[in-house]
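Read through the structures below before going on.
What follows is subunit A paired twice: with subunit B in the first complex and subunit C in the second.
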Partner chain A sequence: MRKNDFDVIIVGAGPAGLAAGYVLAKEGISVAIIERGIFPGSKNVMGGIFYRSSLDDLIPDFYKEAPIERHIVEQKIWLLSEDSMFSTGIKSEKYNVEPYNCFSIFRAKFDKWFAKKVADASAMIINETVVKDLILDGDRVIGVKTDRPNGDLYCDVVIAADGVNSFLTKSLGLRKKITTNNVALALKEIIELPDKVINDRFGVSGSSEGVTIEITGPYFDKMRAIGFVYTNRNSLSLGLGVVTEDMVKLKINPNDLLEKFKSHPAIKPLINGGETKEYMAHLIPEGGYYSMPKLYSNGFMVVGDAAMLVNSIHREGANLAIESGKFAARTYIEAKKIGDFSQKTLSSYQKKLEDSFVLRDLKTYKNLPKLLEEKQYLISKYPKFIIDAMYEMYNVDKVSKSEKIKLIMNKAKKELGYFNILKDVFSVWRDFR
Partner chain B sequence: MHSLVFIKQVPDAAQVRVDYHTGTLIREGVPAIINPYDTHAIEAAVQMKDKFGGIVSVLSMGPPMAEEALRKALSMGADKAYLLCDKVFAGSDTWATSYALWAGAQKVIQENGPVDIFWAGKQAIDGDTAQTGPGLATRLDIPLVTCAIKIIEANPEKGYIIVQRLIEGGSETLQVSMPCMITAEKELNDLRFSPLPDLIKAVKSSVQLLNSTNTTIDPAQCGLKNSPTKVKRVFIPSKRERGEILEPSGKEIADVLFEKIEPVLKQMGRV
Partner chain C sequence: MRIEDKLYLIGYNIDEEESHLGVSDPEECKKCLGRPCTYICPAGVYSYDDEEGKLSINYDACVECGTCRIVCSYITWRYPRGGFGVQYKFG
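== the complex of A and B ==
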């Protein structure tokens, strides 16, 4: 038998791969992380809200030294129609005290910092190298082939942390077919503005406090689209995620959509005078629980986006990636103790995920993608109704309030239909029960 | 054969922007790379090693993050890496830099033996002076070939190398004795795609730090204060006015041109 080059080889140095590498290296396990980018983070696009708790377990108080932009004190939800905006959200001083709940970050900087920590823990990070294939012995994964000369590496277990397009899970046949309904195309711009201007426009009292806005509604026509605006220190992350199927079906040019988004009367003043510094596009796996691949095989585990672990409604992805990376690493540590890396042993990885909030949350929302596929109007027609009703109630035009309520109810009956509303309430209740 | 390559870490010029208020470069967030010409110097040195055996040392002066550039050089096949890193070097011009690098080179020679060929890029893309290589050759008191585009023959046994270099409007071929200093153009070679074991070796190797205490460097010859170059002013060149385009044809054009040129020539006292 061939000698192993490393105990574990991790493919991809995103949050999932780095977290796994960190846990393993801290246990003294020899681990290599192979990344195709020139450095970890160089290929990563993220709107940029990072939840603290998952990484805090690994590196307590990491936020005190990591490159973060602002801690988030207010999270808003906006519903947009052509000319109006309905706003709701939560701002709390509880979000304004350490240890904060979440932060806006730039992945290029953040991942680089995280990678340094992982390297200091003595994991080996190999950049600018692409894993081209798995090396198999029967049905057992025993290593990887890279694009480099003399580029084969052997190990006990390969952890696939290679992101949404995970070529490795596909090549092992673990992945279900990814449909255009399962992935969203995300577009994002970084718009530079002086920090003082951002503080004023978003109503925060200092340049370390930040705000997030998630946006949907009839303004995005019949698309399953969610827009976002996040405050960084000297810039805004602004973008849109649209389920690719809708974009194809409605023949929408993503750039036009982004421009339309930026020109909305509620968005425009936020970015006015700003300079677009960067523009990026990336896929987000939004298929949820039912789109997950099989998470393990002999000598093989799948983590992060490669495993489709994204909770799109709560824009949780990076934290789930970290959580899954930790579980995979711990599973390896247990397997090493008994010297068995078969599916049977590694299946405890899935068990760990299932017992944690990661798969519990994904299960809660498991029917959501299907629900929105069938009833897109839940995020267009209903928001439109709310916006119109709100507008009516605040518009003083000498029509009595009771008359207005009657008008609104009639509108609900005409546009939505009472029976349909009941049906929709029931189906949402059934799906999230 | 022992080669010593001098390299510099520079901001990726393709991604640098100018702050039009202050006239300075915005380096924030711009990835740092090895000066592109230097990468060809490294490759040339590694090719020498592949052919004749021996080792390749690399030396850089810069902030702690320049270690990344040295690691990259190791992954390209270099064997030993040294970083001159000390506050006393800050703000050095090309004169002071070549002094510090020269002193650093003495340390490298002490540890790895005499050097046959010193290499550098022909210039750094951030300063574009092309003076450090020649400055080093002068201090080392050895023959210098700048702008090398081809190694025609190397003969370490007899101690010479024949190099083709770029000159204005063509090229010339020089034979110099070793030790010598060669500065590289990009045409000198094609960079290799390093094998994986070299990348792994690079991560595992350490970069040795040199400073004013562990070398014989005289701080009185380094840094901004001791640099003879003084920056008087940094400015953005004003945009050149677009020239006038004349469209008449035939004999007419000569007349029109003459009318334009005559007053200028008169002003210059030429007619």
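== the complex of A and C ==
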């Protein structure tokens, strides 16, 4: 019988792969994580907000030693039009006490640190190596082919943490071709500014406190788009994500859109005087629950972005990736006890995800991608109405307040239609009840 | 800021020997309506030369997002060889 090189081979050293590797290595399982970059994190991109709780289970108080930028004390939502901005949000001292809710981070630095912890737990991290294909025995995955000479490696189970483009999941036929409706193209710039300038502009009292702004509204006309500004210690992460289908249809060049966004009167003062240090792009799997692949096969499990585990409306992805990595690892540990790595045994991975907040949340929003595909105007027309109404109410021009209310109601009737509003309320209620 | 200046800020380890991007059937580019790859790529990798009737692919600027392969089924896309390609400092 052929000898295994490792018990488990994980493809991809992002949050999902590293979390799985950490759990397995801590249990004394022999595990290799194969990463195509020069170091873990070197090809990884996120908006920049990392929630604490999922990783805290694995490495308690990790934030005290990990490379984090700021803990977030205020989260804002902006509705943007060409010339106006309506702001809402939550700032709380409860966010300002340890152990903190979330942080701004840089993935290239954070993942490198996380990978070191995983290596210290005795997982082997193999950098600069691409997994070209799976090795199959019948319908059972038994290893991977890499682009190294004599690079075939054998194992009990392969965990695919190979990101949104997951070729491994596709090669097994576990998912269909990714459509332009299922992914958003996200762009980001790191814009350097002195920390004191950031503190002043964002109204925080120290360089460890941070603010996030999520931005949508009629400014992104006909696009399912979200812009964002996050504070790092000495820089801002500024970017936007747009469903790829909308960019193709409107023939939009992403960098042109980003440049225009940076010049908006509400954005420009935030970044004024800043120097762009890095530019990056990445696909975000935003298709939600219905776009997920089958999550397991014989000797195979899928985690993180490869499994399309992103809750776009709540800006959660890395934490879901970590949860999925933990569940896949625990599933392997159970399977090893009975020496059976068939899909019947590994199906408990799916069960674990279903029982957790990960798939509960994705199920809650399962109809959202379809709803916004059909009714993009929900995130443009209604925000526009709010912006216009607010502007009107604060604009003193000798028109009486009762007349203003009448004007606003007439506007709602004309631009949205009372019956259409009822229909929209109903469809949102139906999709999220 | 022009895209050229932004790409200049990114670290790359360029594979001088082989391109990881290609087109499976160049004839399709001639017929293609709109040529989305030429405007959708966030790194401006693709441009179309009307005189030569040919897509030009500047693979060393690629940031490996995969958008082009989602948009066009004739683009052949694989990861650069191990250790090559984009190398972010922040990410």
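Keep in mind that, in the parts below, the second predicted complex is superposed on the first by the 433 of 433 C-alpha atoms of A that agree within 3 Å, B and C clash if a C-alpha of one lies under 4 Å from a C-alpha of the other, contacts with A are read in each partner's own complex, and residues count from 1 in each chain.
The criterion applied here is as follows: a contact is a pair of C-beta atoms (placed from the backbone, for glycine too) under 8 Å apart; a residue touches a chain by one contact, two chains touch by 3 or more.
Being a predicted model, the structure only gives us computed values, none of them experimental.
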Exercise. So, A:M124: does it touch subunit B (first), subunit C (second), both, or neither?
Worked result: first
Exercise. Is A:T180 contacted by the first partner subunit B, the second partner subunit C, both or neither?
Worked result: second
Exercise. Thinking of the overlay built on chain A, is A:S205 touched by subunit B (first), by subunit C (second), by both, or by neither?
Worked result: neither
For this session: Pick one for A:M247: touches subunit B only (first), subunit C only (second), both, or neither.
Result: second
Exercise. Does subunit B (first) or subunit C (second) touch A:I38, or do both, or does neither?
Worked result: both
For this session: Look at A:R148 in the shared chain and tell me whether it touches subunit B only, subunit C only, both, or neither; answer first, second, both or neither.
Result: both
Exercise. Looking at subunit A, does subunit B or subunit C touch a larger number of its residues?
Worked result: C
Exercise. In the superposed arrangement, does A:V164 touch subunit B (first), subunit C (second), both or neither?
Worked result: second
Problem set entry | First (subunit B), second (subunit C), both or neither touched by A:A281 | second
For this session: Would you tell me the residues on subunit A in contact with subunit B in one complex that are also in contact with subunit C in the other?
Result: 38, 42, 108-109, 127-129, 146, 148
Exercise. For the complex, which residues does subunit C have touching subunit A?
Worked result: 1, 3, 6-7, 9-10, 13, 34, 36, 39-40, 42-44, 63-67, 69-71, 73, 78-83, 85-91
For this session: Under the touch definition given earlier, write down the residues of subunit A that touch subunit B in their complex.
Result: 32, 38-39, 42, 108-109, 119, 124-129, 146, 148-153
For this session: Provide the residue numbers of subunit B that touch subunit A in the complex, in ascending order.
Result: 29, 31, 193-197, 199-200, 203-204
Problem set entry | Complex interface listing, subunit A residues touching subunit C | 36-38, 41-46, 106-109, 111, 127-130, 146-148, 164-165, 167, 177-180, 183, 185, 187, 189-190, 235, 244, 247-248, 251-255, 259, 276-283
